[in-house]
């Protein structure tokens, strides 16, 4: 387990022990949406904004600027689906732990939509990947989200804490899940998840300030950081948005302190 | 088979030859329910109460206090499902015998819901795991439960003895199944199961005394012990409940003898 | 193929070249029915009655009395289903040829219900097991039974000879199938099956004499022996029933000669 | 590929470069039909009649007379289904290339029913077997037949040439398919199939002469030979029928020349 | 990755850095259609017309004239389906990367129909093949096409750019997809695809000039070349059509310059 500890320590910011992940894996899910059409620019913006890590698909490894290799941590998504698929939201595995090792990647991201008709296939695959991650010391980010007819509201603390705990019971080292809307409700999630939790950004929020308030709320609710993409790089100035997010996450800045600089 | 014998002897209490297992694998099935929100405390309570073993999911290995490693036997659940899944109650395999060996775990727990549409997949996987358990000498706890439209009452002795016998015919060393409600009916199960049987606790029972009466009944009916979670650690004083259960299971105490100390 | 010949010769009675198999694999299919509740006693009765072999599930190996190991041939069932399953009658594989070799078992029993929706999965698995049996010289008993909407009467000679021939074309060394009701109709099966055929006993028959008449008829129809369980060990005196069956099978006795001794 | 060439040359008649295959694999598909009840006799008749090869199922290897081993080429069917199966016409794989090598078999026969709901599974398996056949130099006979709702007439040249070409594109060295009814229409198949094509016999034809006219037509249409079973060995004198077929295929005899000797 | 670079450089024309691929893999999908009945002639025409590569099925390797081996690049299709299949358009894998290496093939073509009910199986298989291609340095051509009820128009730039980007996110080195009808709309695809894009020809277009206008449009829209079959080799003079296409792709000729020579 020492390999995992080394890699986990390297992934998190050394002083704050928090993490800002900028996901830009949307291309394989929604196509070339605004903000990642030129993925190299998005990667550079994430780095310049101070992000700790990016979350990408296997084919994007080729487009990371050479000077950033080893500078910016890379989390590789190894499951995939797309919005046009009719058996959405099942996400099959598309890459392997051995590939991740060969490529020097820092952590694996694996999505399971809990509930519905396909979650058990995902759970079974997650179990196998977890064993390999344990053996080779690769950190495992579980993106666990509520889904299916039995979980109507995917943002309720009841449903979010349900899926977050499943993730840690199955071995996740870090959990990405939905923000529940307030620090109090999100505290229910973070206090029972057993491992660090970062929030997904999801659909577009209103103003830049709304985004920052969400981040602030998640941190107040015990979050370990963020994994927000569209709500950062689809804004007018992605780099500034990422910088602001880092200030809240890593320095504990309040939204009021940073809002003028956006 | 000598490896199995060594490990089985170590699992059961040396003088009574009975076993008290405290399962706390509910997190991956129902989320962070009351009593396991802080799993480390539940593990400590089980140990202090005198339990022989705990039953956990793979991701919980990290949270066992270091001083308890080797002190408290660990049974690892290697199948999993959750209450929000729409193909419940199929339980796919999520971990392997080789992983169990690497982690120094004392026994495997494998659930098969007999009856219904998915039992044959479970039986087939159980068969493979059984062969590996035989080869490497790992005790196999079969949690076999009645399910499906052909078994309306999952607590009838007819159905419980049916599933228990399937478990032993397929190789289980120890069976966890439902209590049938009385020593006489439970005797039908234990006298035809061929291997030791422990009872599941299931849904919340009325008073603490009701729990103890159930345990007493199971032991009178020939049970080899218990595998009860919620009805012990969701009570006011989990540690005392576990202690009381141990007295009944290991020392043959009657409910009357112990009821005042709860 | 010399390994197969050695094992097949050892399985059949040396002078009569016939075989009496007492199956007691019902526990994993129907639960602990009367006659096998205490499986050790049933094994002993089979041996004392003069049976050549017993047919059991993997978990029952543990209950064979030590002094009978090597005395009584063991045929291991490596497929399984149960009467409460809703996808009955598909029988998945639950054990492997390599396990059979490790355990010193004399032959494998593999059930395929021909016809219906699941037979091709069974046939495909049977093909793989057949190749391994060929390679390692393990005799393969094919229990092939008519099933599905296209075979209304599972006892008609038309259907029974259909499934028996499929078994031998796919590699079975010995076939277990239904008795067709008369020596003449059963001759149609045995004369076209290419390999020896033993009859299943099936549901409870009327009197002890009815059982013996069935056995006599099968032998007159060219049968190689029997594989009857419930109709022998659910009777008042299992051992005597097995002895009587052996007299008919091995010594060619008529029912009239043996009926008074029952 | 030199291994394939050696084995293919050996399979075809050395002077005519044509082939007469007598299939007798029907037992696993239709049961012990008339003409193969005693399979050894059918094998002998095929040899005495001058056939180049027989096509059999794995379990029939045991019944080839020892003196014919190495005398008569053997093509092994490694897919299987039966007429009572309700998911007919999918044919799963039941044997492996490595088994075929061990047994010294001359070629593999693999059936894919093109069209319908199951062909893609067959095509995928065929692709894997083709790669192994290429690696080990084993000739691959593709029995490709039109099936499914989109191909109403399985004997039309449009449908037959469609499936024949798929077979060669996927790697078949020799194709078995339906006869289209006339030399002209069959020429459409053979001229676009890229590899040699032999005809299946199919259902019972009227007179012996009808059978011979079919064979003559296939050869006139560019066929490489025949793979006919029932229409040869279900006739009064199988050996003579096979002899007559050989005269047409290998010596280019006309039906008129040979019809009096039947 | 150096192996990939070597093979990719070799695949593209050295001076123009564009590519003309002539696919002739239709036989396994539509049968022996006009233009590929004699596949050897089509291969020769492609070579004489100046094509950089042909795209074929595994069974066609045998029909490449010996003198063209090493002269004409070969892209092997390793997925397959056919127009008569009722589960069309799922395309299972029929060949392996290791086979491709053994045969000295220059690149792999893998089709995934994005959208609908089967795309996730294809995506999962594509992911595995991508890892092997990366490891062994084999270029991977992703033929990604819009399909399913959620993508009504498979030629809209919205849908085409969606599928093209998925291909590159998953690792494709080169993308084959539909032409969107105009240079402007096609530019939306090529500017967001991250890797080179070639167009499929699809159904028969009107005149030879229409074909050339399409090619010209694709190149103006940023295309890396073409992968057109029927619209070249089903024309009166395939060789001349291919020559003309090469002039547009490699020399940047306008349709007006070349139209008189057709």
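In order of appearance the chains are A, B, C, D and E, and numbering begins at 1 in each one.
As a working rule, a residue touches a chain if its C-beta (ideal position, glycine included) is under 8 Å from a C-beta of that chain, and two chains touch if they have at least 3 such contacts.
Note that the structure is predicted; figures quoted are calculated from it, not measured.
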item: Centre-of-Cα separation between chain D and chain A, whole angstrom; value: 58
item: Whole-Å separation of chain centres (CA-atom averages), chain C against chain D; value: 36
item: Overlap residues in chain A, where contacts from two or more other chains coincide; value: none
item: Contact graph of the chains (line, ring, star, complete, other); value: ring
item: Successive chains along the ring, chain A then chain B then the rest; value: A, B, C, D, E
item: Interface residues, chain D side, partner chain E - complex; value: 114-117, 119-121, 123-124, 126-128, 130-131, 134-135, 146, 148-151, 158, 161-163, 165-172, 191-194
item: For the chain A and chain E complex, residues of the former touching the latter; value: 25, 27-28, 30-32, 37, 39, 57-60, 63, 80-87, 90-96, 99, 102
